[in-house]
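So that you can tell them apart, the chains are marked A, B, C and D in the order they are listed, and the count of residues begins at 1 in each.
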Amino acid sequence: METKKLNIGLVGYGFMGRTHSNAYRSVRNFFDVPYEPVLKAVCARNPERAQAFANTWGYESIESDWRSLVKRADIDLIDIASPNDTHAEIAIAAADAGKMVLCEKPLGRTAAEAKAMVDAVEKAGVPNMVWYNYRRVPAVVLAKQLIDEGRLGRIFHYRAKFLQDWTISQDLPQGGEGLWRLDAGVAGSGVTGDLLAHCIDTALWLNGPIQRVTAMTETFIKERKHTLTGKVQKVGIDDASAFLARFGNGSLATFEATRYARGHKALYTLEINGENASILWDLEDLHRLQYFDHGDEGRLRGWRSIHITDSDHPYMKHWWVPGLQIGYEHTFIHQVADFLQGISEGQNPSPTFRDGLATDYVTDAVLKSARSGEWEGIEPEN
Amino acid sequence: METKKLNIGLVGYGFMGRTHSNAYRSVRNFFDVPYEPVLKAVCARNPERAQAFANTWGYESIESDWRSLVKRADIDLIDIASPNDTHAEIAIAAADAGKMVLCEKPLGRTAAEAKAMVDAVEKAGVPNMVWYNYRRVPAVVLAKQLIDEGRLGRIFHYRAKFLQDWTISQDLPQGGEGLWRLDAGVAGSGVTGDLLAHCIDTALWLNGPIQRVTAMTETFIKERKHTLTGKVQKVGIDDASAFLARFGNGSLATFEATRYARGHKALYTLEINGENASILWDLEDLHRLQYFDHGDEGRLRGWRSIHITDSDHPYMKHWWVPGLQIGYEHTFIHQVADFLQGISEGQNPSPTFRDGLATDYVTDAVLKSARSGEWEGIEPEN
Amino acid sequence: METKKLNIGLVGYGFMGRTHSNAYRSVRNFFDVPYEPVLKAVCARNPERAQAFANTWGYESIESDWRSLVKRADIDLIDIASPNDTHAEIAIAAADAGKMVLCEKPLGRTAAEAKAMVDAVEKAGVPNMVWYNYRRVPAVVLAKQLIDEGRLGRIFHYRAKFLQDWTISQDLPQGGEGLWRLDAGVAGSGVTGDLLAHCIDTALWLNGPIQRVTAMTETFIKERKHTLTGKVQKVGIDDASAFLARFGNGSLATFEATRYARGHKALYTLEINGENASILWDLEDLHRLQYFDHGDEGRLRGWRSIHITDSDHPYMKHWWVPGLQIGYEHTFIHQVADFLQGISEGQNPSPTFRDGLATDYVTDAVLKSARSGEWEGIEPEN
Amino acid sequence: METKKLNIGLVGYGFMGRTHSNAYRSVRNFFDVPYEPVLKAVCARNPERAQAFANTWGYESIESDWRSLVKRADIDLIDIASPNDTHAEIAIAAADAGKMVLCEKPLGRTAAEAKAMVDAVEKAGVPNMVWYNYRRVPAVVLAKQLIDEGRLGRIFHYRAKFLQDWTISQDLPQGGEGLWRLDAGVAGSGVTGDLLAHCIDTALWLNGPIQRVTAMTETFIKERKHTLTGKVQKVGIDDASAFLARFGNGSLATFEATRYARGHKALYTLEINGENASILWDLEDLHRLQYFDHGDEGRLRGWRSIHITDSDHPYMKHWWVPGLQIGYEHTFIHQVADFLQGISEGQNPSPTFRDGLATDYVTDAVLKSARSGEWEGIEPEN
């Protein structure tokens, strides 16, 4: 099979810029994909940082203005790994320029922004994807398989939470390098768009559409110094967010995210209780799936701790040998592998921009309910 | 110290009748308490069953009408372990007769019932207690100590759930022997008054009053055969119940209970996240407390799995040696020990009927919110 | 069914005297056994302590010389819960007097002592039993069932350890109240006869006879003050003991016990690896059995954590409801229940004195190998 | 800092060839090392496979005879990832040719082979290293730090096992592609040189030299079809191996490895019990370290489950953010990073060939003891 080159133009050089770059660089060492990603250019406002990043990862060139990047004829795909307030503008321009577009999550700061992005890529007919990487955790994919096979039966409960503790200190400033997630103007929201969005995306994928929600949010630390202005300013983001939900399939759900759960660094857990079986997964031990099968002989029923490292587990035949775990960044490699395979077959693997919009409709409803104190429905797109 | 006898009259012979009887019989083998409980009489409508129970546990006599029991001069304490719809009437009569009154939880089917019970015992000035036994799990008491010492600092989050799976089968009837918990008329509500009430009682004790809640409930199986009528009837109880809450101390909470969580038998978990430390406890491994202390040296911070069997752990010097765990029924023995010690000192240990009422105010608000779809406040008593 | 009384005469009032007394007192509250144990007399050299113990547990009388107890016509069963150096003399006298004899483990300080005890009870034809209580942990009994059903297939490995940490301090004296386990003259040996004996008894029961062993022992703290003499004396016991073994069924084993494993209070774990399945159990979470079944579908294989609280688990229908765990002392209640049921049917449930002797043959071989540095065979009785 | 190129010549293209290649390719994306590894050539007897491997990983050229590779002037470093029977000859030739030499473990099939290899690299004065990669697991490095800081105090116990289950089937042939580990002629031994060698290397590093051992080995399946001859032949390797050991520091140890422990894929666990603290680690959850500190307040002591993903954990500042785990292959990247940094500073990081020899002396003694049935000392080099 002849391999075609796919020229990547990356915007952003932070945490996500690293995970994406690693995925492009490594995918062909482990997956026999029909495209070869070429690290053509990285773009950042600060040219020195862009150059340092290019040196580390092997990008052939740098740009300091994303508009220049989007115009370059030698770029096939624009990958947006810059802060949330830049997503819509870049994505729309890239789509208009006929580029494939990959975008970090959340797609937009609001569903309105995301809707415009969906319209742009669909109008342009370009492949597009949102980096909800937890859909590519092997244990989560196995959960999806079990659900699709009907193993769980009628679903009664969905339960997800994403707990962190990194913003508890009053001394942490808002905004600036690495801290834009605390700046409401840039991020759009706090944990709702950051952590809950992950929980919602996975939930929509595994359990179908959400019908309505009732939510509460809280900002525990009301004022923080803003790095850019140097002043102590009101904090605009939600530090914690929780909601109850009803899914279209009749199941009940609780969702919660916070950056104030002392002792948890990135505890994203999800649990699904079905009539016949239940599953439970936890990001802090992402290589395991907990599974309870009521079909097991009565006295021998128990939660199975499945070590997801066998060759018959999703993606795992591409890695090492049974018992040897993979880590976080592998999810991005899997996503790139699926994307490259998909586009070679004329398909656009999920999560597409349209999938990302579905999540934004839910986060919009969550934030609206937290303000209104009412149950809120989800926009029809979902 | 001379020991006084305390004559017990028990109403009910089910699961709770057994745990209470065991507690009275065993307490003095492990605790040096100033009263000796005497199993004077057990009361049940069916005399044969009452007699069988009396034989097993050593009750000296039986009664088939609780009114007769309450009138007996040789009874000091009435212990109510019969279904929820009998609590108020018996408790009020017992108080009026000057008896001490212990009552299974929930105190009343509604706060109104519970309020009348509180009024009765307070007017009569008789010692009283509700069997919220999880306040006497050594691990939970240790959690309480840590909170009272200020170890956790400002509290951000409270998280509790009580998951069971025993009513998933459509074939299970409602009502009748051992199944009155599915009969709304008898039980008052489903999981809200049964399982959530436990979660709420512990939460009020550990984290202070709740201000308001938003809730949802669901009855997954709409009709079941009723054992007493023999007919398929509409199910009146809630099979699942979840709510968001705000506590008076500013913390946010999620609560959930269900009997449809496949794979969980009695998974009552509670977690509290404070600024400086977090704790987590789980009824299915009740002899452990998980504790995270942010004050530990950074690179060595981790959740400690504390095996609560040392002599410096609450209640444990009365039991065996380090490493050897106790079980479920010990919580009732602890409660009796505390009660007997307390009344000898003229005190009435918690949870009193007034404490039980506080929980009923919250369950009332939960059920009201589930109907109204609104945030509901909690009655001022709490 | 008419119930016969069975008059108990207990020797010793320490930790084990308590667990046995509790078992006699409680057994009929939970098990419908054909004998009613009557706490007739407790015997201890110190009459004040004996009386205090009798008051706590309800013994009708006390004795200060076990010879008097053995002679009493109103005693049916002599239960030996005194230090190891008293076992043989009392047991033999009791058997000669025609009493049933229960004895704490290890049966003798040496196999020679134990052999004389076996001869005595077998000659007298009296029911007899050794308190290897871990054979009555429901999870361990379930393991036994699985093995007997052939679920595991050919056994490759047996792995047991019993780890404690309570003697690490140099300041701990040897001998005296509660510390006779550190006095070689009284105890016979250190962890070999104390902790390893438990591991060996369970292993012989689950996995059949051991053929040969190679062992090492160590005394980490060479001198300790002796409480009785007041002098610093050489320590005679083994603080740690480990051995490799080959079983008659061809499996390989590692065994280890120590009182110097910081962080473990009573971590008795056993694991068996068979061709088709494996099991793993741990005393510090005794209400769980870990089970791996290779027959499960490949991608869904995992260790099942079975919460041993269902009514179809061994002994558990006698206790509470699913999800509610029992503790350590319940194993003694189970043993008494089985004993009473067995003798009513003319059977003598295991572990008999002969079973206890089998373990002593192994501990003798372990200690011999530790001295010789050679592989040592086990006496033919095993 | 100017970066020098370091030209790599790899021998072998199997599982280990992949992990090494990935390490060379990725190291500079995460670590700021002074050398740039260049994938110059891969060597394998089968040129087609060599070419396929070169294509996947980006090797510039292939060789089919390692002698040609060793002679090439454009190669700086020979990396030996071929079966055990090739290690000595290639390593010695490479050293004689003045190349740096990295070699997979075990260094030699016997200590005699390994000794010749040590002599060759030391005579040539070339940098050398053995791929005992578990020394670069962040959790294990943290354990090493704690030991070196004296946190554990006097060490009483070391306990290691490496359990797998992949060779239980009688149908598995010996020898041939991917199965040379079952061929005694190629591998040298079975689990002793394969799995136990890992346990021993880590132990020598963490706990110092071993003085003597007593061992047993077993071959459960006596005959298997040999892939190369097509005949059923006697199996020469040990399927399981266990030994007791005494370390120079006075601690006692148990070691065990097997490929017949149903349910375990790669369960390498190690535990160290010190007077003041204990540590426990497990390869199947390699991103966690269990730590018990007796210095913690008594009632709050417990095993801490430390999630090794914080920036103050070894190597972790180079990876992602707290809570996000790394996997197996990262240990090889760390080893390359340390090697490149070390040689730039004129040092040769451990484990050197001399360290690898120390392990071979122990495995030789283990195999000798298994044959002799005696305790065997370790050669003085250790």
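Methods note: a residue touches a chain if its C-beta (ideal position, glycine included) is under 8 Å from a C-beta of that chain, and two chains touch if they have at least 3 such contacts.
Computed from a prediction, not measured in an experiment: that's the story for all the values here.
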item: Set of chains adjacent to subunit C and to subunit D; value: A, B
item: A-B or B-D - the one linked by more C-beta pairs in contact; value: A-B
item: Most distant chain from subunit B, judged by the mean position of its C-alpha atoms; value: D
item: CA centroid of subunit B to CA centroid of subunit C, Å; value: 36
item: Distance from the mean Cα position of subunit D to that of subunit B, given in whole angstrom; value: 55
item: Where subunit A and subunit B are represented by their mean Cα positions, the distance between them in whole Å; value: 42
item: Numbers and ranges of subunit B residues touching at least 2 other chains; value: 264, 301, 303, 307, 310
item: For the subunit C and subunit B complex, residues of the former touching the latter; value: 15, 19, 21-22, 25-26, 28-29, 56-57, 164, 166, 264-267, 283-287, 307, 309-310, 320-330
item: Complex contacts: residues of subunit C adjacent to subunit A; value: 142, 289, 291, 293, 296, 298-307, 310, 312-313
item: Subunit D-facing residues of subunit C, complex; value: 156-157, 159, 161, 163, 165, 168, 214-216, 218, 220, 240, 242-244, 246, 250, 252, 254, 256, 258, 260-264, 273-278, 292, 294, 301, 303, 373-375
